[in-house]
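Below, each structure is written out as structure tokens.
In the two complexes below, chain A is the common chain; its partner is chain B in one and chain C in the other.
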Partner chain A sequence: MDSPLNNKLITESSLFENNTKPRHRTARFWMSIFQISTVIAIIALSALLITIVNNAFGYVIYESDVDPDTLAVNGVAVDDLPKEELMAVLQSNISQGLYRRFEHDMPFEERTREDVLALIYERVIDPKVVTQYSLSDSIFKRSEIVQFAAVEYPKAELIFQSWINWDFVKAPQSGDPLRAGVRTAVFGSLWTILFAVLLAFPIGVGAAIYLQEYADDNWINRIIQTNINNLAGVPSIIYGILGLAIFVRLLEKITSGAFLGVVDPTTANGRTILSAGLTLGLLILPTIIINAQEAIKAVPSSLKQASYGLGATRWQTVWHHVLPNALPGIMTGTILAISRAIGETAPLVVVGASTFITIDPNGPFSKFTTLPIQIYQWTSRPQDLFRNIAAAAILVLLMMLLSLNASAILLRNRFSNRN
Partner chain B sequence: MDNRMKSNEPVVIEVNNLNVFYGNFRAVKDVSITIPRNKITAFIGPSGCGKSTMLRSFNRMNELVPSAHVRGKILLDGVDIYEQDIDPVMVRRKVGMVFQKPNPFPKSIFENVAWGAQINGYKGNIDDLVEESLRQAALWDEVKDKLGQSGLSLSGGQQQRLCIARTIAVKPEIILMDEPASALDPIATLRIEELMEKISENYTIIVVTHNMQQAARVSHYTAFFNMDEDRAGYLVEYGNTSSIFTNPAKKLTQDYITGRFG
Partner chain C sequence: MDCENQLMGQTPSNVSGKEIMVENRTEEAAMDANMATISDLKVGLKKRPRFGENLIQAFLFFCGVVSIIITIGIVYELGKESLLFFTRRQWEETNKPLAFDIDAQVTQFAVGSSGMSLREDQIIRVGEEAMRIVAVADGIITVERGYLDTLAVSHSAGVEILNGRVVTLGEFFGKTEWNPQIGKFGIWALANSTLLTSVVAILVALPLGLSAAIYLSEYASERARKILKPVLEVLAGVPTVVYGYFALNFMTPLLRNIFGSGVVEIYNTASAGIVIGILILPLVSSMSEDALSAVPRSLREAAYGLGATKLETAIKVVVPAAFSGIAAAVIVAISRAIGETMIVAIAAGAGPAFTFNPFKAAETMTGHIVRISGGDLSYDSIDYNSLFAIGLMLFLMTLGLNIISQRVVKHFREEYE
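What follows is the complex of A and B.
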């Protein structure tokens, strides 16, 4: 851009100052500022991801009370034994009293093979973690670790553990970090989101349709609109307090299920999935309304005029033309609102998420806990192992969010292509 | 104002002292005119003189703009369409509209034509109705094998004929056309004009156009509008197209037609 021919292009130099060089310099300056901001953002996100992944994988030194290899029968490892042999192994390795207690809790005929195997691991083999290492240590200091394990703990096992695995996802809550899983929390999250969407989606889209297509532009409606916009920015803890006062306490008869007679036997109060779902629903309602309004505003007026010109009523125009056209935008907005709601912790703590439950929620009137709350609880425990499983739980949460966002993009593309 | 319409021509619309306001701004001032049945009437005039507003007041489409209101009477077959009890939905079924930029629905060609009739409670055979409307719009031969394709996949001229077909499918009495060919190329424009002549045997057509040659070619009656100092539109002259173009009564009309202004 520095060719001398440039000056030949401009002939009337008296009227304009030749300021191309400073202009390009300014442009380059701003471009580098924006590039630097992008790089900083990428670094920050990478730091977050690396920290989490670092804690979610690594070497672990396990020391067991009883070496699982000694439990093999006729050369078949204990993991592969059939149920009867497993029962025999269990019986010969624990006290009579303990075996009778297990039989009393649930007879062994009713237990599955996996149940008995789990009991053997829990009571007989009983692996305990001696130390665990982060991923970076496991990769860069591998030989040191191997040597250390061989020297200090010759009878212990050194395994590369991925803290996030299928068992982790399937297992319920537990006080023992080795056996704890996120199943209860994931179900709790999904149930609360379901009720939040059942409340917020129809009401939100309906309100948006009314405000955009039916309401006149008078001062009442302008106040309503301003209020909705402001509510989208209210801190989520306030929704928690609102939920506590109204759904948990005031409407306790409804949210606890008392009016239907299906109360949760352990608590019988309003701290149920229904209260949590309604609270979250209120939280995402303003966002859904605003997004849906934007989507409806973007429908071209030529489409509506064509519809009215044929003698359609306002509702027919909205239902047959405006809504189908606005649907991709509405769905994207809803799914983004859901993504936000899944990560909400503070309001659900206020509404009464349980700190420790092991039973899966099975309906709107159950006690519950959610994934972010679970993560929060695990990170506040002192033992090192909880940090690892907290990191694994964070990865599960991230995967849920990623799949939600991916489905938002897919849905949006599918609906736009149909048009 | 000179209304030189033949006195024995059957009249379908009678406009008495029509004033159309957008808020406080008067867009159309004191217009009185009669529109003959089953003939093509053209509204011509410079930009901004209220022709489109005038046109849209015939099917109450102005009401879609919140600040619009109307003073005066428009009698359609003797019934004042702005009376309290009259349902604008019924008015729009009787008075159809074709817009300047073709705007078919993002649905299949079949559904484009069928939808208007279906929502108005059509009880007959929809397939026959679609075929008949597309034939009248001179589009059937081109689309009969691809009725399931999207209406947006057609060319501009075809899309406009599709819009005419869907308007016809509702069986209106009057078809309003707001510069229907201005977004099309000359050949598509000619086809639209041929179409207008063909369907004017069964429908009353009112067309707003900037193209004076088009008005001269196609219409039986022409109304010339102009804008006064307050930018309100008023009717200057109205009559038989050939007299307006060859022997206008007002100098203003003469100036406009010969291209001195506008």
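What follows is the complex of A and C.
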């Protein structure tokens, strides 16, 4: 037992023991570092969402020229009055000249009750925002805010406002943050996406079929593949510059609609929905190709071989067997590409999105603005109120993206259930 | 047997298959039903031309080539307009008028004393006519008339002299002031702030993203990974304009609270850089996590078997094995940070400034493109051309990084099994 070898073993094992503790300490220390990093990453990302929600809701102190309660007729609040009485209220509270001008713009017989009510709010009550609070302040400092409002602005009204509401979604763009909405921007986004998909989907899927099913391994096909991978990494603003040079400037005759005889002096410069849509189409093309390639790759080769074995041609195999099986995957990839395109801002600024549009776009040759552009513009404004409606617009955008992503996930699930 | 013999016997004596068929049809038509089927099959098996298929294949090939056309389009347009930027003579105002009327023959005349001073060899323009200055003395200049193939004509007193200048590559890459109004085109004013935001972004994203990736791949339970990874990826899909809003309305006030609003300007590159870091964080962590998870389990088990702790296994075995994937992720993230536009356009400031202080406002290359193209940009102006020169530089930078990343993956990949 007392052999030198055993002694050596004992000392080494105690050495080993001594060494283990600090090693485990280091291991634990770094593990907590890794854990904390992950938590910080998640916190940083959730701070993003919290900031937006924080600005999209909160208390607002409104001060009106005329207290709405004084406009009540026979105890019926102004909001509930019938149209005739509203007209009477309006007539008695504004100058005759102004009333006649409204009558001239559009006869009151033709106006709806809501329209007249809106006029009363705009011209008679005219609520103005004195102060607005963030959601966190509204929750945690509620009593202070109520007290402050009661002391400083006794006549004013304190309302908990959700900046995102149906009126906000419905209203067109306006210089007044209280009346501004995102309707024109949402329509602009939908129109541009439509043209982007019309361009990118057929070409993208075609290119994916070519690369997966037709292309031999030769230099030109290798170049095409490498090139697509590189295009996917090109910054989006470069596509904007390309769109400006090609679609807006070079193809101005086509993108402005001049070749069809669309003569609209406001859109004659090629900065139209069509240009924007085509630019976005080029932008999402590499993504669509890569996603479609993955989907086609996933089709089992036994299916193809069975088809070839029965004497089908290449295209018959692709059309009847490969594409139907790859379609859910292709659709999922396309939806993800669309959700990228919907959020793109920089290329559209370069292509020339308009800053201020109050009329809905009505075709490919209209001037346009999109939801992200709207958010960008409102964010750049110094006034506080624009920060709130920018947050509301962001929520609208995120909801659009969320529903797109949800449909992509649903498609994917259906696909994986079937196989 | 009979048929076979006949068929075999006939083949050598006839030159082509067609003749066999003809003979079969005419001489032995009624002889054997099997025979007829075989010869029909022969016809049927011949490759028929399929125009429809060829057309489709041509269309599909065209679709594949579109991506190349796009690349060529990008390179051609950026190159063409950049070339114009570096070769076109820009006519800038000198605020210096002609002192007297001159006619087409005069080569020596007086100019007003106000405005920019003129030098020898300078190209100037009066009206539509270009001239080269031969000598300057006491407000009187000697010129070569009708320069640059323009026509020498008479001009009246008071017409402003325009100065013609060309932006040289040396000036573009050597100077640090960018101000098109006064003809200063030093790209470093813009490139420096792009590098500043990108460095800040990588300083944020690399340690956090890599740590998160190691945690997710080596430590986290299967369930935690299944929840955390999609969360990170979904947030990577949030539009960048939203991140810009976040930078301006959360990060900037936070920095101003920490460092004092005297130190941190409202628009600053630090805030934009940090938020770009948050934006690329999911990219780094997700791509690195993929690379780490792809390392075979046997390597880890061998390390554990030798008594290594989890940390030692992760740092000394798994991370080196996944190095190529991690490096590629980082390079792609850098390229993304350089090309990022909306965050810097919103939060980094509008106005080129050459500064290394991350708390000062400074416009980046992408931010500058967005700002000057936002208004009514007129074609063939120096602003329009400069946009393409900046774009070309941006394109080459990001393309180079992407190619390097693909090379890294290819050459440093450790192959297992």
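The criterion applied here is as follows: the second predicted complex is superposed on the first by the 371 of 419 C-alpha atoms of A that agree within 3 Å, B and C clash if a C-alpha of one lies under 4 Å from a C-alpha of the other, contacts with A are read in each partner's own complex, and residues count from 1 in each chain.
We take it that a contact is a pair of C-beta atoms (placed from the backbone, for glycine too) under 8 Å apart; a residue touches a chain by one contact, two chains touch by 3 or more.
This is a predicted model, so every value here is computed, not measured.
Colleague: So, A:Tyr121: does it touch chain B (first), chain C (second), both, or neither?
Modeller: In the superposition, A:Tyr121 contacts neither chain B nor chain C.
Colleague: Touch test for A:Tyr153: chain B only (first), chain C only (second), both, or neither?
Modeller: A:Tyr153 contacts neither chain B nor chain C.
Colleague: Of chain B and chain C, which one contacts the greater number of residues in chain A?
Modeller: It is C that touches the greater number of chain A residues.
Colleague: Name the contact category of A:Phe386: first (chain B only), second (chain C only), both, or neither.
Modeller: A:Phe386 sits against neither chain B nor chain C.
Colleague: Using the touch definition from the top, say if A:Ile33 reaches chain B (first), chain C (second), both or neither.
Modeller: Second partner only.
Colleague: Once the shared chain is lined up, is A:Val234 touching chain B (first), chain C (second), both, or neither of them?
Modeller: second
Colleague: Which partner does A:Phe108 reach: the first (chain B), the second (chain C), both, or neither?
Modeller: In the superposition, A:Phe108 contacts neither chain B nor chain C.
Colleague: Does the superposition put A:Leu285 against chain B (first), chain C (second), both, or neither?
Modeller: second
Colleague: With the two structures laid over each other on chain A, which partner does A:Asp217 touch: chain B (first), chain C (second), both, or neither?
Modeller: first
Colleague: Identify the overlap between the chain B-contacting and the chain C-contacting residues of chain A.
Modeller: Residues 313, which sit in both footprints.
Colleague: What part of chain A is in contact with chain B in the complex they form?
Modeller: Residues 216-217, 302-313, 316, 320-321, 324-325, 419 of chain A touch chain B in their complex.
Colleague: Which residues, counting only chain A, touch chain C once they are in their complex?
Modeller: Chain A residues touching chain C: 23-24, 26-27, 30-31, 33-35, 37-38, 40-42, 44-45, 47-48, 51-52, 55, 202-207, 209-211, 214-215, 221, 223-224, 226-231, 233-242, 244-246, 249, 282, 285-286, 289, 313-315, 336, 339-340, 342-346, 349-350, 352, 355, 372, 375-376, 379-380, 387, 390-391, 394, 397-398, 401, 405.
Colleague: Would you pull the chain B residues touching chain A in the complex into a rising list?
Modeller: Within the complex, chain B touches chain A at residues 59, 61, 64, 66, 89-90, 92-93, 96-97, 99, 101, 103-106, 115-116, 119-120, 163, 166-167, 170.
Colleague: State the interface residues of chain C toward chain A in the complex, per the touch definition above.
Modeller: Against chain A, chain C makes touches at 50, 52-53, 56-57, 59-68, 70-71, 73-74, 77-78, 81, 207-209, 211-212, 214-216, 218-220, 228, 231-232, 234-235, 237-246, 248-250, 278, 281-282, 285, 309-312, 315, 332, 335-336, 338-342, 345-346, 366, 369-370, 373-374, 379, 387-388, 391, 394-395, 398-399, 401-403, 406.
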